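Chain IDs A, B, C and D follow the sequence of writing; residue 1 opens each chain.
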Amino acid sequence: MSWFLFIVLSILTLGGGLGVVVTRNVVHAALFLLVSLVAVAGLYLILFAEFLALVQVLIYGGAIIIVLLFAIMLTRSAEYPRISDNRQWPLAAVAAAAVGVVLGAAFLDNSLPQTEPNSPTFGDLANSLFTTWAIPFEVASLVLLVALIGAIIIARTGEDNR
Amino acid sequence: MEWAWLIPVLSFAAVPVIIVLGRFLTGKVSHRSAAALAIAAILGGFIVFWFVFAGFLAADTDTPGCETGVGTEALTCNYKLTWFEAGIPDALTDSFDRIHLEWGILVDPLTIAMLGLATFVALMVQIYSLGYMHGDPRLDWYYAFHALFIASMLTLVLADNFLLLYIAWELVGLCSYLLIGFWHERPEPREAAKKAFIVTRIGDVGLLVGILLLWSHVGSFSMLETFAAIEAGELSEGVVTISALLLFLGAMGKSAQFPFHVWLPDAMEGPTPVSALIHAATMVAAGVYLVARAFPIFSESQTALYIVASIGLITALGAATIALVATDLKRILAYSTISHLGLMMLSLGALGYTAAIFHLLAHGFAKALLFLGAGSVMHSTEELDVRKMGGLRKVMPITAILFSIGALSLGGIPILAGFWSKDEILIAVNKELPLIFIVLTLLTALLSALYMARAMFVVFYGKFAEQFEHVHDAPKTMSITMGLLAIFAIVFGLVALDLPGPFKGIGYFIFYHEGHGLEFVIWLAALSIVLAIAAFIYGYMAYARKSVNLEGARQRFALPLKVAEGKYYIDELYQWSIDRVVLSFSRFIAWIDRALVNDVGINGPADVTRLLGHGLRRHVTGYVYSYALAMALGLIGLAILWWIVST
Amino acid sequence: MVPLEAFQVLSAVLFAIGLYGVMARRSAVLIVMSIELMLNAVNINLIAAASHLDGMGNWANFDGQIIAIFIITVAAAEVGLAMAIILRMYRNRATVNVDEINLMKW
Amino acid sequence: MSNLDQVALLLIILVPLAGAGLSMLLPRNRPEDAWYFAIFVSAITLVLSVLLFVRYDFEAGGYQFVRVYEWLDAPLNIDLYLAMDGIAAPLVLLNGIVLFGAVLISQTIKHRSRDFFVLLLALGSGVFGVFVVQDLFFLFFFYELAVLPMYLLIGVWGSSTYFDSDRQRLWGLPIRFDLGSYNRLKEYGAMKLMLVLVAGSVLIWVGILAMYVASGQVAEATFSLVDLGALSSAGEFSPAFQTWVFPLFMIGFGVLAGLWPFHTWSPDGHVAAPTGVSMLHAGVLMKLGAFGIIRVGMVLLPEGAQDPLFYAGDFGVSWMAILIIMGTVNVVYGAISAMSQRDLKYIIGYSSVSHMGYVIMGIATLHPVGLTGAVLQMFSHGIMTALMFAMVGAIYERTHIRDITVLNGLMKRMGFASFFFAIAGLASLGLPGLSGFVAEFMVFTGAFKTYLPLAVLAVVGAALTAIYILRLLARTFFGEADPRWEHLTDASPVEKTVGGAFVLILLFVGVWPAPFTRVINVGVESVLQLF
């Protein structure tokens, strides 16, 4: 059962990913990305990481895709329906494949003793996050704040155009 | 006699004075003062010469500075003054670590003879120039160059070391350049001057190399020390031969020996008095003088003597044939000079030391006379082509007579000077060299009488050329000097006889090894007299009376005639080789310098650096995705590296 | 049970796809999307490891999940900023293609 | 007077340097003031240089006017060590004369003349420094001070050359050489000169540092030429070390001396440079290179100079043998190249290359007479070539033409300039009675004793000189006056003064070289004792 789900979700993930990098239409690419990200959330569920799956759907599937779609809309360009790749794409393909092979081979070459997939409870997660990882957590929130302010300042129109 | 150095120094001193005065005075005053100064200087030299001559005749080995010369019993007097030293001065162990140079003079019979000839002819020529060059705008420069020329020549014959000789030698070359090219507004004198300088300079390279070669074996530039070393057998046979030949190379250039004779006929582009000076007293005499001066070197090497004799004979014969067909009066005389210089070299090669110098003197007087005569003709008629002249004795009788005396003297008519000296040469050649030499020498003698007859009869006798109706004879300054020279051309030969008094005759005065009286070989003398007289009679018939028709001979010998008229095409050969070989080679080297050394060797590295910069900056595309690709490739590279290392 | 290797290979392939996107595409928007793919590949890897290796040797507990949370956080911030920059880029240069943004190139 | 002796060497460096500094205070818009001030400064240096030359005691010999100004202590050990020997004495005099002449001739510089004279005086100071300093650090410092202003002097005040294409056939074959179609911009000349010379400096600097380090291994590390010389004669530097350091100095300094095949910067630089700079450059600057080979290379590394590197048959080929071969190539090659040039300045430029060949040959003979000749040739060539450039400058100033195929008959209108040029040309072709002959002759003498075949080649090269000099004289000065030159004026009083003075010097040295040879002899003697 889990194999079946894994294969289906893998196909969706990789298919979505391929769609993002292959399609000639930017909007299509965003939708393919959505498919891929949601499929990844499904994969998290197979791994019993319910919280992460939830976060994945909310932030990626929701916020990030929306932001991307907004950006596409705001920067609407005549070539968006038929964008082209740059000249080095064949070499890029080879290099990317090679990187994939290198990573895959590295993983397969170093198999680790492993247990059944299990998952912490929400409580454990929360405890760890707010005790052991408290400072990184606060830093992350600061990063978010700075990014928010930075984004506003960068994207703002108005007096800086004078 | 210690005052012999005054002879050149007087003229040297005149040069800057003339030049400076020329800047401050103008017009006729400057010209007159220039001429007066130059003539006074050379006249002073001429007077000092007589004192030196008298002093020398009175001197013996007890006189300070005088001793018996090297390789000869003649008296040789040497006076010197340090010039400068270079290198390590007190190197006692090795005399090659320094050079010690001196202003030194050497007075011996050869020097005396040359001094007399040079001062006298120069004096005559300078006085003659008063008339000839009258009205030239640059007369001050003319006289300055003249004074420098004769001063250099006098230094050359007085020098007691090879370096001083070389210095004077080069100055003579420079002055000939300046004087031949005196009328530099026209291209021909300009080219002729350049040619003279460069051709003689090629010989000078040989001379300098020879001098330095001798120094590198003897360790001194002094002639006497060098001769002594050679006589003592300190130098190997090969070195002596090579250095003798190198010295001869210099002599060939200056004395216009084949194949360096080409500059002399072209040098006729200079003013005629200059030609007289060059041909009689200075430039060309220098070569013969050098061989005579360095005779202790030459006489040690049979090979060198043979080569000297052969070159001399080739030159004499070849030039005589050209002289026979040349049409320009001055060029006839020029080729005649070359021919006679060849005879002198031949004589030296045949150990006829006395004969050569005797002929040099006799020829000098006669040739100066001839040139001044030709100058007089040219001055009056402004024509040089002998084919257009004829019967000029009607309008210029004095010139005609004087010119005829010169021609007869040079042609070898008895009692005149040329006869005696030529006879001595024939005796020497007959004594020392194979039969073929004497035969060809006699042929040359015949030819030389013939072309002198031609020049004389065509120009002054025969049918009068009507266009010269209003021509006048030479002015007084010119005719008097010619007259004085003519006297010498007539009587100078008598010094060959055994004379009473301290002088005793030229055989006892100028000699190598030991003095000897007049030699006379009856059959040779008779033969040469017959040949000379026959040539003049034939010349009279053919050129003056026109009773012998030359057309038949011309047609029969059309080809040799053409070759001779083309001067054996040696000029063309030179021209071709200079244009096609030397200049092309120079351009080739210049191109190498530009294209290879500069553009490849020097600009090359610069260009490579620049191209490398251009090429390398391409990899910095500025595109984000290129950097990403580079990172990916780097990752792969690292993985491969790690894989290789770990397995 | 799906073994850890399966997830790892999946993440490797997804990472390679994302990498290809970064290297081959010209539009800045698409490059950002590709980066998201790569981040997701990493997340898959982290979470798979966290759930399969809990309590095994050095690979204790569920820190992988926590790091994945941080990654998602940073990714969110990154996308926000990236979009702001893209907007500004578009406004100034009327394009979002990275190879046309070459003002500082030689 | 003895007080002056104490500081004369310091003064001769500082006066032009201070003059350069003070010139900057002059008002910018009055070029005459800068000129007058530069004349004043260079006249002082001229007097000082004459004084130094005359007061050098050739009977005592060795280093004189010694003064040491300490600067940096151990571990660097750099002092301003000033002293002058018999080799430097005539060169100091030469620089005094040529600097004065160059400043006088530069009357015509009107554009930013103040800056021009600042740089010119700085250059002169650098040259003096190299000649009298006995410390490698300061020697390099002054060397660069002499070289670097060149770039600006040529780049700002120089002139560019444009030539029509001048294609020539080779031996009548259809191979064509593109000889003439070069446009040599002044920037090109300046840049090339700078880069090539700096490349040479790099070699020198490497060599200097090598000497410093090597001295540190056997004693206290030092830059002092005197201390290094003492170490060298004590045999502290191994032959292997000497053999690899010597070529650094030989090539490094050789580049500035116009050593073939590193000579091409020199014609291009000469052509582009303004008259005064050409004079200084060809007249003095190129001598720095030859001087450096003697002072640094030969004195410090005698074994490196003469030890055989390899054997060709019985003949051990040392660096000196290689140097003399290159020098001979310089002589012949420079002369042949000069023959087919059209630009007056290129002809003189190549003739400088050819004449510096005699200097290099003379040095490499290691023969007392040859080396004396080399130093005298430096002096003689400095004067002669400066005179030529001065007169070419005068001609170019008036006609704006330097192409000898276009010029002719200048003698009529410019008698003095032609006369001076002709004398310089005659000196250059080795006419006895002028200085060139004495020097060349001594070089030949030395070479004849040591490398006979090369000496013969060099004599032939001297004959080739006659060809191109006479060609130049005949084309440019002789001939019918062209109506184009009707408006020309003869040399100005300043040019006449410089020309006349230089001609007198040429004559003086040619007729009576003893005052020079006796001074040079003692210097040469002490150098050759090391061999």
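Brief remarks follow.
One rule holds in what follows: a contact is a pair of C-beta atoms (placed from the backbone, for glycine too) under 8 Å apart; a residue touches a chain by one contact, two chains touch by 3 or more.
Since the structure is predicted, the reported quantities are computational estimates derived from the model, not experimental observations.
Chain D has the Cα centre that lies closest to the mean of all protein Cα atoms in view. Look at where the CA atoms of chain B average out and do the same for chain D: the two points lie 37 Å apart. Chain A and chain B, compared by their mean Cα positions, are separated by 104 Å.
Between the CA-based centres of chain A and chain D the separation comes to 74 Å, rounded to the whole angstrom. Averaging C-alpha coordinates per chain places the centre of chain C 69 Å away from that of chain D.
Counting partners per residue, chain C has 19, 23-26, 99 as the residues that reach two or more other chains.
Listed for chain D are no residues, as none touches two or more other chains. Across the assembly, chain B contributes residues 623, 625, 629, 632 that each touch 2 or more other chains.
Applying the touch definition to every pair of chains gives A-B, A-C, B-C, B-D. Within the complex formed with chain B, the chain D residues making contact are 168-172, 177-179, 182, 192, 195-196, 260-265, 268, 333, 336-337, 339-341, 367-369, 372-373, 376, 409, 411, 426, 430-433, 437-438, 441-442, 444-445, 448-449, 452, 455-456, 459-460, 462-463, 466-467, 470-471, 474, 478-480, 512-514, 517-518, 520-521, 524-525, 528. Touching chain B in their complex are the following residues of chain A: 86, 88, 91-92, 95-96, 98-99, 102, 106. On chain B, the positions that touch chain A within their shared complex are 623, 625-626, 629, 632-633, 635-636, 639. Within the complex formed with chain C, the residues of chain B that make contact are 617, 620-625, 628-629, 632. If you check the complex, the residues on chain B that touch chain D are 83-89, 91, 96-99, 163, 166-168, 170-171, 174, 177, 181, 184-185, 187, 190-191, 193-194, 197-198, 201-202, 204-205, 208-209, 212-213, 215-216, 580-591, 593-595, 597-598, 601-603, 606.
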